[in-house]
Amino acid sequence: MGLLDRLDNPYETGGIILGTLEDILNWGRSKSDWYLHFGLACCAIEFMSMNASHFDFMRFGIIPRATPRQADFIMITGTVTLKMAERIKVLWEQMAEPKYCISVGSCANSGGPYWQYGYHVLKGVDRIIPVHVYVPGCPPRPEAMEEGMMKLQSLIDRQAIFRKREKLAENENLIKSNKM
Amino acid sequence: METFNVFDVLLGNNFLSALISVVLPLVFLVIYALIAILGELKISAWIQERLGPMRTGPYGILQPLAEVIKLIQKEDIVPAGANKLLFNLAPYIIFAGSFAGFAVIPFTAAFVPAEINIGLFYVFAVGAFAVIGIVMGGWASNNKYSLLGAMRSASQMISYEIPGALVILSAAVLANTLDMQKITSLQEGGFWNWFLFGGPGGFSKIWILPFTLLLSLIYMIASLAETNRTPFDIPEGESELVAGYHTEYSGMKFAMFFFAEYSNMFIVAAILSIVFLGGWTSPFGSFMSGYWWGIFWFVSKAMFIVFIQIWLRWTLPRVRVDQLMYLGWKILLPFALVCFVIISLYRIIY
Amino acid sequence: MNTTEIFELLREKFKDAIIDLVDNPPSDSFINVVPEKLFDICLELRDNPEFDFDYLMCLSGVDFPTNLQVVYHLYSLNKKHKIVLKVTVPKENPKVPSVERIWRSADWHEREAYDLFGIIFEGHHNLIRILLPYDWEGYPLRKDYKEPETYHGMRVPY
Amino acid sequence: MTTRKILDIDFSRIDTDRMRLNVGPQHPSTHGVLRLEVELDGEVVTNVIPHIGYLHRCFEKIAENMNYQQVIPYVDRMDYISSMNNELPYVIAVEKLLGLKVPEKVEYIRVIMAELNRIANHQIAIATFGLDAGAFTPFLYLFRDREYILWIFEKATGGRLLFNYFWVGGLANDVYPTFKEDVLNIVKQVRKTNKDIEELLIYNKIFIDRTANIGVLPADVAINYGCSGPMLRGSGVPFDLRKAEPYSIYDRFDFEIPVGKGEVGTVGDCWDRNIVRMREIEQSCRIIEQAIAQMPDTGDVQSAIPKKVRPPKGEVYFRCENPKGELGFYIISDGKDKPYRVKGRAPSFVNLSVLPEISRGYLFADLIVILGSIDIVLGEIDR
């Protein structure tokens, strides 16, 4: 979505100047993502190895922050229990907008292996907070988490700030149908 | 070399020249902060056998820019229980305190924003401003971690100001002035004239040579503590106090803290390089010396010290708060005192 | 010392409080004791230098169709022998004396057994739920436990 | 501006000298989702109350509803850092109930895998302990090495972290042809990094100052609290289940039990617990080298796997030396193909309970170091 795409349709997308500004703002948000230093279970160990030298999460411009106020996205890495769920909700609410959520691993997506008899396991973190990207696996490989991160970046890159609401809805539909 | 402010000479001593003298350091500070943040990311990556940011521009060099753009867009949260006025004011006070220090830093023989004859004293005085901001921010956040961090930070910065000040006092005694430009001019003529090696003077300076070396080391340690860098980053020690006094800050206010930290790093590095490493003077006598070379020498000396600060951060573990106080009061302070006495004696004798 | 010898010695001292010794390999052999005397038996096992059971390996609750059981696995670091004690209590009002004051490791184990089975350990200084939230209802490891539909507005079943 | 309320405070009722600090469940150094309620007097810790259960995943309930074989993946997820070591006591316990004897080659591969995973676990433990003390770089060096070990696991089992490799009576599959060379190379690399870490972290003056004489755990307290593993050995008790009651084939190997001797401080302080882990890595290397030398090349690793696991009525408590301590499984069988009751005796669960005892009177910064030295995994504590 460079400048040239916008030239074709300058008025609907907010014009060249706004469009370019939007691109720059989106670029800043997608390239500089700080995540909340927060691990839950098994996936957190894979997440730790992702921060280590072999996979080096920082290549994407990602820096860990210990406090939710300064974080841009939260990675739910592991099983969310009912006791923990309320805390996660609080953490999510403490984060400053714009904020994103990546759900890593089967447990966070749907309860994973604990879906049937886990009386104390929340079957999917999307029951309490909105999730932008799901990463499957039990636990996902670090490469899978990187892919999830890149998906999130491309999602941010295509976010509409100045465009009309209809455009925005259309855009979201496109993202949902995974065509973009 | 003759010292003057180039803008005063060009434009006359009026408002315009003063404005330029303020804006230039600010521009410099912003550029420096961006470079230092990138340096922090990249140097830590090299130490740890990683690559660091790679996807923002070639080799990730635009990373700090992206961060600034992002931080501008972040929501600005004031916690419900916080004291709004103090909470909002704190980051600007900290930033103002550290930026005010730039007023007397001589970038080259031809440019110092404000040439006052008590420059060294002034830097120390406004440097203490940061403590007020930190305590304000920590207290106003209404968060226990912030409060603990702020209290630790205040005690640490105040304690380490004393050995730091003693070092500066010794240097002032040796130089017989508090004017930064004069101190720098004194050290002209090669690296053997630096105060690190006893300052200008004859063979007799061999007596104080070990003490000036020691003094610069003491200042290096004290400056690390004053800027809250590892191994003294106790106030924001991530493993203990989530993020210390800025736990509750988000968006641009946090960016202010961030900027202030890096600006403080530069201020202490600049003082060290001016007082002990000859500021803008060339280490090789008249070779490569001049007004333009002055900027190069000063900035590269200061940046080298910033590099050492970053290097230490990614190598050493963190000390504990009582050990930090022990180091400050029982080791650095007596040593600094002894050095001060000996240097004063030397001044009296020679 | 093997379990039979320990059983004989305990029988001499505590008479009827020691119910029986069950030994059918390859299963571990164990000694059934009455709950009322449990504390004294445990104290004897720890403090008598012949037994010297200074290490409580494991304390588990078990839910059998008719009653609840608490199983104590003891070990002696010096003598390198071990023993299994069992107490059986009824499902209604299951009360067992706490051995927390003998082995501090029993503290959390007993809280866990209380949390998951509802076994009440008398004399425990802080018998509250440990794993589940404090306002949880029911004892999940009992065989007849039904998981709740919602907890604090969150749906529990898949 | 809002009008200032006039507060009517009875100052005699305000408790001014203690502060309650809530550490976790989201805190950078609680190693997961542990929550500590800390009572502080200034910076001095006067009391710690651990609150656990934020990762209670109902392992024991699920185990009652699964086949004996199906429980193994859940066992993996208990202590997710050392899954191989978790599987070992479970499969041996079930084999004991069944009266099974596994082939020689299986025993050797199990020992090698378990010891490799012990190294990986201790590397994480030392790395995060250094991180708690503020040293970030050793963390990455150790993680780099751990990655090489994970590559072996990945080649052999297909999984990086959770393997489901040890089956009742055998293994999921045989190891790959160049397994032996790979393992020996890893051992070399591990030893090399150990030297670096000793210089960079263990004998660093600041690190010693931070960890020596901190969190002293006397031997009698450790035993009474049921501590095991490096916690117990750090207090100077040379107790290791691999020597005390050798299971599998550990009686065939020559290795030592490192204990804390109080080299830089008191016996049983944080530094001792850490150095025990450091030296256990070396001992594991020795075991691996011997096992590789003795391991038979041929043999079917699946020959003893029973078609149906249906143990007779009975019960068994079996324990192994997990990297974190004594991991025991108490299994009751009622003659069906599902266990009647599985209780996991998790070492971290018991080791953590000693935290309030050893952290009172130290500074808040020390509490974090003490917690790091216990080396807990919440998956195992909460199960």
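So that you can tell them apart, the chains are marked A, B, C and D in the order they are listed, and the count of residues begins at 1 in each.
Keep this in mind: a contact is a pair of C-beta atoms (placed from the backbone, for glycine too) under 8 Å apart; a residue touches a chain by one contact, two chains touch by 3 or more.
Worth saying up front: this structure is predicted, and the values here are computed from it rather than measured.
When the interfaces B-D and A-D are ranked by how many C-beta pairs touch across them, A-D comes first. The greatest centre-to-centre gap from subunit D, using C-alpha centroids, is found for B. Each chain gets a centre from the mean of its Cα atoms; for subunit B and subunit D, those two points are 44 Å apart.
Subunit A and subunit D have centres, each the mean of its CA atoms, that are 32 Å apart. Distance from the subunit C centre to the subunit D centre is 25 Å, each centre being the mean of its Cα atoms. Mean C-alpha positions place subunit A and subunit C at a centre distance of 46 Å.
Subunit B has residues 48-50, 238, 242 in contact with two or more other chains. Among all residues of subunit A, those that touch two or more other chains are 37, 53, 66, 83, 116, 119-120.
For subunit C, residues that reach two or more other chains under the stated contact definition are 131-133, 140, 145.
If you sketch which chains touch which, the pattern fits none of the simple shapes: not an open path, not a single ring, not a star, and not all-to-all. The residues of subunit C lying in touch with subunit A in their complex are 131-133, 140, 145, 147-148, 151-152, 154-158.
The touching residues of subunit B, counted against subunit D in their complex, run 44, 47-50, 144-145, 148, 230-231, 233-234, 237-240, 242, 314-323. Touching subunit D in their complex are the following residues of subunit C: 24, 26-28, 30, 54-58, 60, 62-63, 71, 73, 77, 80, 84, 103-105, 107-109, 112, 116, 129-133, 140-141, 143, 145. Looking at the complex, you find that subunit A touches subunit D at residues 36-42, 44-46, 48-49, 52-54, 66, 68, 78-79, 81, 83-84, 87, 91, 113-114, 116-121, 138-139, 141. Chain contact summary for the complex, subunit B toward subunit A: residues 41, 45, 48-56, 60, 62-63, 65-70, 72-77, 238, 242-243, 246-251, 254.
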